[in-house]
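Several structures are given next for inspection.
In what comes next, subunit A is part of two complexes: it sits with subunit B in the first one and with subunit C in the second one.
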Partner chain A sequence: MPSRAFVSGVAAVALMALPCPVFAAGPIVFRDKTAATGIDFRHTTGGSGRKYMAETVASGLATFDYDGDGRLDLYLLSGVPLEGAPSDPRAGSRLYRNVGDWQFADTTVAAGLDQRGYALGVAVGDYDADGWPDVYTNDFGPNTLHRNNGDGTFTDVTAAAGVARGEALGAGANFLDIDGDGVLDLFVANYVDFRYDTHRTSLVAGRPDYARPREFAPRANRLFRGTGQGRFDDVSAAAGIAAHAGAGMGSVCFDADGDGRTDIFLCNDQRFDFLFHNEGDGSFRESALAAGVACNVLGAPTASMGVDAGDYDNDGRIDLVVTPYFNELPVLHHALGGGQFEDVAARAGLGVRAVAAVKWGVALVDLDNDGHRDIVITCGRIYEPAAGERSAWPPVLFRNLGNGRFANVSDQAGDLSACSGVARGLACDDLDGDGRVDLVILNRDGPATVLRNESPAANHWVGVRLRGKRAAADGTGARITVVAGDLVQVAEVHSGRGYQSHFGAWPHFGLGTHDRIDRIEVRWAGGTTDVVGDVPVDRLVTIVEGTGPTDTAGSTERGQP
Partner chain B sequence: MRRARTPQRRSGSAATRPNGGWVPLAVAAVAVSVIAGILVERLTRPAADPAGGRGGATPVAIDWPEPVTLSADEVTREGRELAERLVAEFPDLARAQTASGRLCALFGAPLEARQRWERSVALDPRQAEAWLGLAESAHADGDYPAVIDRLDRLTAVDEALARRQLPLRVESRVRMGDAPGALADLAALAPAGELPGWALVLRGEAQMQQGDHAAAAESYRLAVDDPQQASVARYGLAQCLARLGRTEEAAREREAYTRIEEENLRAFDQRQRDREAAPEDPAPRVRVLAGYHTEVGSLFAKRGRWEDAERHWRRACSLAPDMPEPRRFLESLTRR
Partner chain C sequence: MTARGTRTPRRPTPPPPPPARAAARVSRWVVSGLVVGTVLLAGLGGGFVWWRSDREVARVLAALRPLAAEVPADQVERRAAIEVADRLLRDFPTAPEALYARGRILLRHGFQAEAVKSLEAAIALVPDLAAAHELLGLDALQRGHYEAAAGHLQRGLASDPTLPAAGVALGEALNNLGRMREAVPVLERFIAVNPAVAAAHFQLGQAWSYLHEYGRAKASHLEALRHDPTSGLACYGVALACDRLGEKEMAGEYRRRHVELVAADRRIGQRRVREGQSADEARGALAAAYDLAARIYAANDRPAEAAALRASAADPLPGATAPPSPPAGAGRP
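This part shows the complex of A and B:
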């Protein structure tokens, strides 16, 4: 039965629609707004010169609306002094409230997020389904879960939730709904088995430097199942996650094979990447090699750092882009269907001028609203530079040409190429609500970089914010299909992506010259489907699960109530 | 991208990651091989005597310099200093710019190397070594279209040298997604059955890019017995078989690949440990440096700057006492 479109599910319109003339797509242009934002954050690795392994992998960041004002705020992770380093009272992660007009206020202390952990990765999700996004940070040492109180403050509920997990050197983290019950679960990645008592260095170019990751034993990762009562049970062993040790870094949870269940992809440094396939019975099967995502096209287990999941070629399947080490091409795992992938990075043009730097943060986002997702990659060195080498690198921007290929336009993107840093995390979101996705880069031992997207505003767009009722309250795991004429795009709501970061929880769709959306279809993580039709463009729309007349023909029953 | 996949790219790795180091090493390996070839050719041919001496019939008494040994840091420093001296003394001499660029590349200054080569070809577009250096530099940057352009320039001035860079050309074409170009280059090299392993795996990858998984599988299958290419060939073959729906065969190839790759990683780890235990032997680079001192001495000699020439030839003799050319030049100079 054909779906009956409805518009009453469009419950909120956050932005005014602007009459936009139709132009051909212009260039992608960024302007460095850092100095004007009031953001005085400075990341630290807390190093003492002893070259602890933790310093190499710090840190990610998050963009999310913590106070519900419709503006996306920033949470910038940092290390703190490690053993042997002098104390630094300013060191630590910082929360910046977006107060509009490109001004950000440091609300870390007022919000109760002035933790002193060595923060490496972050995921945001509404674990208690109260409508307010909560924050989990994956640290070197005990991890933390902060519950959003809904009044601009957070409470550390780590102990009550049972998700601290001790001494590990953490990496990425993701909220996900493994069984479609509407209660968020939590995947926590670990890097190698580094501790102070396992510390060592390596000789690099004849000098003591950070140890190579393969000098340390691999570590297994953790999976926690949400109980729905504010606690999580560690199901790592029972779910089959603990059986696989690696050197985890960035991670993303997505539906790899279109079976409606959320799988887990994890980058591993110098080891085969993992794809934990959700078997639907609470267990996961590691299947990366068979799926074609364990390594690159050369069969090389790359030094994978970050990963994003998105449909780059609008074929309705979610692809993966992975950022590896220098002298390695980015990896673009093109989804073939049936859970199979093929690395097509070279064919897609991702090899061009993207191998010289170590690559970290990554995002598949439409930066020019032409309906085709572009790729941004942050870069930065790990080891001490030798004479003639450099530590700081500008980001790399690949513009999607819409024909399966990308063009490296890094040097034609305004201030982008001037923003060199020893970058790690990257977050991409529309910070000023103008319909263009902006960038925030976290630089190791340096200030953050905020880049405003000032590309010509010729194309149309729509942002989609989900409100689950029986599915996850923040829509995590939902798949959104936007149909505008002959342009059909899909995206999923991810919690945790890129390099140990979190962004894009309100999926953004460029629409090109299409000035109406025929329909938006949401397949919630529990399996139900909502369809809204005839949606206006150039705004953020909120779709509430099951609101108004909905056509769920063809969908499965909801999962556990 | 990774490991040695072509004959030039099998040199020992100083990379800190198993898959991270082969391109600069490939460049270095190519550079060393080219330089070695050039030096051997120059130092063994009956060269015109830059000292202008009267042949070698009459023995002469020479106060030969004492041999010296340099540490890795010292040879690097001296190589960089020599590179700077070259361009300071001969700012408008293309050959000096080329040599300076090569010294910069060999001794850890890749950006300066590129600048010197660019200056060299601006002064004299017939500088083949400079075009090659620029191609290698572009490859290290991942600027594959520029690699092809510079190799084309090289072909125009030194076809034989350009022919020896076919792996670099084909690999660059594959990395930039130019499958037709890569396949055309390989077809001109040899029939498929006669291609070496490195060419077969690149052929397979190009065929995969064209969506011809059956042909790619055949290319990979031809390469699986080449020990240097076994891993990539097995993996590529498994991927192609999976695409062709031959899942059981694909699974078998994946298993074979996994065994090879695990062994490769173990070997990589061991190499890293060995390298840490035994730091770099600077002797090969010292010998290259001696060759450059000889060349620089010749440049001075041609300008009648005999004292400078003698100083560089003596330095070459002290660095590589068994190298014949600087000894001959010094003897010749003494006879003048």
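This part shows the complex of A and C:
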């Protein structure tokens, strides 16, 4: 498609940023705000003691603005009682509306999201291009698509959309735009072929425990093509997706080789990971081994759980970070260009105090706004602990040193190291609009953890919210380049990332001491490009396809959709 | 990184069946002053060592406890091993070589936490007890505590440069910590003495690869394959190096071999827990425990017990015809 450049200076001097303080590399500090938030959610695996496989992988979570008030809300997934477990009327996923000042109100029932599915993974995307984010959950059992009505409520449109798809044990999910036509498509990952009638356990220390994933056959994944008429067609076979079965877990859709088309990376548990390369004709070619992302640097297929995609070294290429099992280093696939990657985790310092735990949620996000993306990882055990062992682990925080290496600063990050849990999902977003990315952790069979980022606010930042016209309405698949002096950063808009979670739909860029942004360039998934020049900092900027910025709300004031 | 589940080039078995060399090494302190030590311990009992110990030593020693009730009754081998370990603790509660032996036995049979306590207690008494540092380092490496592993292994090697497994393990720990420039000389020293250990060549290949010395990386991985042709991971190392060197055909060939070997490796699904062991392996492990204990008793002038333990070592599982049950899932997260 022809490229169309749009250059706009932001005229309003009133929007100029405040004077820039001298940069100081302060610590990254989190405070546990959970008790003060009003969030009374408690995740359940719905276990009955029979050790069903589904319990091990529950659950992810989502942060997104469902009511258009400019504040990011929380959708916390949960299981429900499994066969043999007593009923629990409170069990289930919960929606919490962010009402400001770190208060969250449970609006699950009022919003119509009080589903009783066994929710494992989630993706948020505006599949019907009406300006309101819709929610797809990947369950153990039929999956669900909830259409956002734009009035604070949702309607279950699963049947009409044709995306329920049976009784599989689900995993991650992603909206993506396969062909840049502006209509969102849907990738749905599956784990293993666990059903009640295939249930089995392992005997460990004389007692039954969860079976190992390789004791079940892997399940193929699904790809649905959006028709633009509110329906999806299952193109899994035709697109070449169904031909590959791993034991899918977290997934992320990103442009792996810079060809402008969105590819799909899928973690597989104890098997080679998949990279479905978008061939541009509606089909995908599994190319993980050739690309160097099928396994870690040793050549070993890891027990990959979660994945995030981002440019950690600001070389303009999107890298991948993958969270594997205990005694396996996190995997950091550094993009070399041309669709090739190299695992540099050890060289980057990710082997420091991040290996002993089972790792799940993961995010590449700039937590101190220094212009370099840091790494957060959540951890938690799967199996019953033996005497002297523990199930709960604190998160791990790697600070990006800006030289290709990371430092484990978990113990110097305020309350972070005290927040032990049997964690699964992780979402990272700016919940209070103060320009610092906060954390929400979903803990298996426990309450969620909400951590406010209280790092020194010396550095500048910008958030970018996209509104597509011909491209996907929520900007999914767009690539954003922010240029501030000599600091050049790229990010993509993802739907679904981390461990079966969704967050960061408004990409956040730390700017260090740069108090002006020279330009923001958006390459939409359809191939068109917009460039916005001279952008003020410390605010969320909304860029509308083809028309430039319409809203550059400050840190305490956010625009409506 | 320990690539459990796929076939890493074989690492030398941690300290091989202990007694002969290891016990001598372990007991360097004891052997050199065996008579004095035995007399002192016999004459003054544990009180002498307790008197010498600081509060930390006392705390560590106090934490040691019998484990007899910890194992399911059907696991004959583990129960027998624990009985040996508990007996060592009962008879020599403050003898460093006995604490080391106990830690070694417990570690081999899956009681990691108690094993570490025992080894730390031994080190609290003899800070440069090389073999204990080696075992603690290997355990830390296995658990992904690379800094701790490197620390113990370096201390162990400083006390005894001939430790059998410490060199390659230290190289691996340093690689995983991103300290490849330190890993290279450690591994080269190890290889100079142990040229046929595939794991050492593999780790050296990893270090060179991390350092972008792809020609050397390729050579090291090929050497690893020469000593262990079944290593899929070494094939992957060769493939990656060839990729970087622009040798696409060779890269493709080794990538194919990598996939074939990984796919054929039945251990992939077993990475999370030891699936069990053969009766022979069980007997061997238990025999080693008896033999090690026998040496402790012999060194402490208790020949009758030593002889009985040696007899047990000769037939460690009398009457056992079937493999014992899989050991408990120690270390399974």
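Just so we're on the same page, the second predicted complex is superposed on the first by the 525 of 561 C-alpha atoms of A that agree within 3 Å, B and C clash if a C-alpha of one lies under 4 Å from a C-alpha of the other, contacts with A are read in each partner's own complex, and residues count from 1 in each chain.
The working rule: a residue touches a chain if its C-beta (ideal position, glycine included) is under 8 Å from a C-beta of that chain, and two chains touch if they have at least 3 such contacts.
Source: prediction; values computed, not measured.
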Clash or fit (per the criteria above) of subunit B with subunit C on subunit A: clash
First, second, both or neither for A:49, with subunit B first and subunit C second: neither
Subunit B versus subunit C as contact partner of A:347, first or second or both or neither: both
Which superposed partner A:298 touches (first subunit B, second subunit C, both, neither): both
First (subunit B), second (subunit C), both or neither touched by A:212: both
Touching partner for A:381 - first (subunit B), second (subunit C), both, neither: second
Which superposed partner A:86 touches (first subunit B, second subunit C, both, neither): neither
Common interface positions of subunit A, toward subunit B and toward subunit C: 202-206, 212, 214, 270, 289, 292, 295-301, 303, 325-329, 340, 342, 344, 346-349, 351-353, 355-356, 383, 386-389, 405
Subunit A contact footprint on subunit C (complex, rising order): 1-6, 8, 70, 72, 74-75, 112-114, 142-147, 175-178, 180, 206, 209-210, 232-233, 235-237, 239-240, 243, 255, 258-259, 262, 268-269, 271-273, 325-326, 328-333
Touching residues on subunit A, where the partner in the complex is subunit C: 202-206, 209, 212, 214-215, 270, 272, 289, 292, 295-301, 303, 325-329, 340, 342, 344, 346-349, 351-353, 355-358, 381-383, 385-389, 405
Partner subunit B, residues of subunit A touching it in the complex: 202-206, 212-214, 270, 289-290, 292, 295-303, 324-329, 336, 340, 342, 344, 346-349, 351-356, 383, 386-389, 405
Contact set on subunit B toward subunit A in their complex: 1-3, 5, 14-24, 72-73, 76, 80, 104, 108-112, 140-145, 174-177, 179, 205, 208-209, 231-232, 234-236, 239, 242-243, 251, 254, 257-258, 261, 265, 268-269, 272, 275-276, 279-280
